[in-house]
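One chain, chain A, links the two complexes that follow: it is found with chain B in the first and with chain C in the second.
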Partner chain A sequence: MRYTAFTSYDIVLLAQGLGVSLALFLATTIIGLLLGSLWAIIRFYRVPVLMQIVTVFAELLKNSPVLVQLFLVFFGLPAFARLNVTPVEAAVITLSGNTAAFVYVIAVSAIESIGRDQIEAARVSGLSRWQVLRHIIAPQAMAFAIGPLTGLLVNQLQVTSLISVIGVVDLTKIGNILNLRTLKPFIVWAIVGGLYYVMAKLVAFGGATLEKRLRAHTAWKGL
Partner chain B sequence: MISVRGVRKAFGTATVLDGIDLDVHSGEVVSILGSSGSGKSTLIRCMNGLEKLDGGRITIDDFDVSRPKELAEARKRSATVFQLFNLYPHMTAVQNIALAPVEVLKIPRKQAEADARALLDSVGLSARADAFPAQLSGGQRQRVGICRALAMKPRYLLLDEITSALDPEMTSDVLAILAKLARDGTTMVFVTHEIEFARTISSRIVFLDKGQLVVDLPTAEFFAADGGMAKPRIAQFLSKMRKD
Partner chain C sequence: MTFDLTILAPHIPFLVKGAVLTAEACVLALAGSLCIGTIVAALVTSASPVLSRIAYIYVDLFRNIPFIVQLFFFFYGLPEIGIYVNAFATGVIALSIAGGAFTSDVIRSGILSIDPGILEAAEVSGLSKPTIFRKIVMPIALRTSVRPLGSVFINLILTSSILSTITLNELTGSAKIVASDTFRPFEIYAVLLVAYASLTYLVSLAIGALHRYLNRDQTEAA
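On to the complex of A and B.
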């Protein structure tokens, strides 16, 4: 006989899955933000060679399905380079790269939105390139980018669910397990979906709060 | 001293500066006149290292602006005020002014901000010290721009048509500040269309025409009936200016 009732242990399972999804999301967000910003800076300063590599790489990442990228890393890398890649490693690599590619696009347009003349004024007053980046470009680019970035991250949070197909026990995978055992798909997937929804709302709320703070200083009155 | 020797600058095939020689000594106010497109802004941008020279040499107190290591020193000695102010929109007036003193001169922030407030006070802007550029009028913005340049305690002030984006009333506010700086002995290179004003504050007038310095005379000689003004090209320019 099959035991199909929910048990209190299922809450622990869900919490574990939630934790894995969140941890992956946070880790790949941080790596993706750093990497994507770095690529944008490379492009802004037209660093020879690196700039071309970044452009091609970002193009490839933006224009192919994340699931294909995931398979390429998880199945392709071991076959091609004899590297052993665990499911979690494959997930971190793929999702970080994917997030970075879109962060790159947002960061490039954010940087380009900043008037060249301010940068010239800062350079003429003796600030180094690094100081200009830190005091002139970064704060304004951040205020400009935070809206699109929040949208991107809400989306990337949903994308993490793809990693369940290579065996990472994330929230979606737990949903699968519970579904097979309880045979109550509607309840299971409604709960799982609800948890993703709450996480997404938290990300959006965090982004909106940060945006208010970052934009307070531009104090654009009216329009 | 600022020394410009045989400077050439081209954009593509267009030669914009064609062998410029100019010296600016301490305490001088040199006004640069010339019609639109004659290369005045380009010359200023060469002096502060924003444009690469295609020939010749510019030194500021013997620091060659074409050498990256010396450019930093040259930039510490000179400061630029821009036609369109070029303020940092995400910073208040005080922050705009204090940024470079803190970052470049390593002055403690507290002191730099106090200095910035004193400067703003001296141009009648103490009440707007914590406003962002978007909250200021054009004339107020340019006064902040001047304070930002002065905060670096430069030996040379480079000014490129700093009143041409302002209406007459705001212009006179800004010019009054320059007149005071000139009386205090500030060395200035002053690109302008304000000919009468140039006459009152300049020690020398130079006239740029199609990338060449065609006249370089003490102010009195420039405006003398048989001086620079008598040259057909300049007479034509001045009469056009006075009509505008």
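On to the complex of A and C.
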């Protein structure tokens, strides 16, 4: 016997998928932001060897499909290095790395937008390297980067849908399950798409609010 | 475990077949998304508030919903309304529609960057609106947006790997088959990663050259 009708339990399923998608998105965003900024700092201080590795690695990650990266980590690593990776671990590794590669590009251009003369002036005034990074570079770079970062995060939110392919039960996977059970693709995929749309809008709204706050000091206040 | 690429040698023709399918899908989708993008950009920048509103909603929706969800919507949904097309056609349609949303944004900003004086001059010269659009607006807008269009195209190539989820054996799909045949997933996916990266690098070089060629008579160095 087949139960093709929608039940109230489907809402729980959808909510569960939404939770998994959101949790993975938040986790990989935080890891990606930290990792990407670290790479940018490596590049800023021109650390030899490491800098070249980071550049090549980021280029590779940026210019290849996330799906292939996912397969490489999920199917490749266990076969190659005899490491057991669960779908969720593979998803976290891949998405964090991918986000980091894009964050790296944004962070590098944000740091470059500041100008070395400011940094030299700060160093001459007796600030330590860490203080320069903390009080001179970071605040200005953040204000510069927040716009592109918001765009990136909206994009990365959509990229999380790919992890359903390796078996993570996220929102898209739930959509697939519901679709195969109810055979009503239009309703199911419209609901799933709608949920993603709302999440993307929330991320964009959050980014815009944050940008307004970070740029408050440069805003035109009137005469 | 050793990293042995020679194991892939017998499977190269099969992979090349997949790459050709990827190329076909990408070129068709590029043409499709350019058509859709141009029309939508014309609607967004048009004087009619209703049309520009509708076009804006289209762009907003398809930019903010994951491609894989759109793809499943079409793949499972089209047969429901009596349209039976194969996976390749479905993939190209979905790619064109999603790509069209991004393309229209690029072309729109190209159109908006045109100096209004040029349009006024054209109107004063007595050119009709369609003529102005075809002969003046589009050439300028397309020429200035070659580079951003190129990055949309590169994104399209990367996105086309998702078509492997609807049973279409393009490059990623064939690689999946080879990986399960040889049980050497690490080698095959590593090669695939480098292949995609070099392919998109070549495309970006070509786009840079095209941009310089189209803007060769421009005096300011871009």
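Note that the second predicted complex is superposed on the first by the 217 of 223 C-alpha atoms of A that agree within 3 Å, B and C clash if a C-alpha of one lies under 4 Å from a C-alpha of the other, contacts with A are read in each partner's own complex, and residues count from 1 in each chain.
Here is the rule we use: a contact is a pair of C-beta atoms (placed from the backbone, for glycine too) under 8 Å apart; a residue touches a chain by one contact, two chains touch by 3 or more.
All of these numbers come straight from a predicted model, not from anything done at the bench.
When both complexes are superposed on chain A, chain B and chain C sit side by side without a clash. When the two structures are aligned on the shared chain, A:V154 is found in touch with chain C, with no touch to chain B. Between chain B and chain C, more residues of chain A are touched by C.
In the superposed model, A:T172 lies in contact with chain C only, and not with chain B. Contact with neither chain B nor chain C is seen for A:G206 once the two complexes are overlaid on the shared chain. Once chain A of one complex is fitted onto chain A of the other, the partner contacts of A:F75 are limited to chain C, with no touch recorded for chain B.
When the shared chain is aligned, no partner comes close enough to touch A:G19: not chain B, not chain C. Across the superposed structures, the minimum distance from chain B to chain C, using CA atoms, reads 28 Å. On chain B, the positions that touch chain A within their shared complex are 48-50, 72, 75-76, 79-80, 82, 84, 86-91, 99-100, 103-104, 132, 134-135, 148-149, 152.
Of all residues in chain A, those touching chain C in their complex are 59-60, 63-69, 71-72, 75-77, 79-82, 154, 157-162, 164-165, 172, 175-176, 179, 185-186, 189-190, 192-193, 196-197, 200-201.
Against chain B, in their complex, chain A makes its touches with residues 115, 117-118, 120-127, 131, 135-136, 139-140, 143, 217-221. Interface residues of chain C, counted against chain A in their complex, comprise 1, 3, 61, 64-70, 72-73, 76-77, 80, 154, 158-159, 161-162, 164-165, 172, 175-176, 179, 183-187, 189-190, 192-194, 196-197, 200-201.
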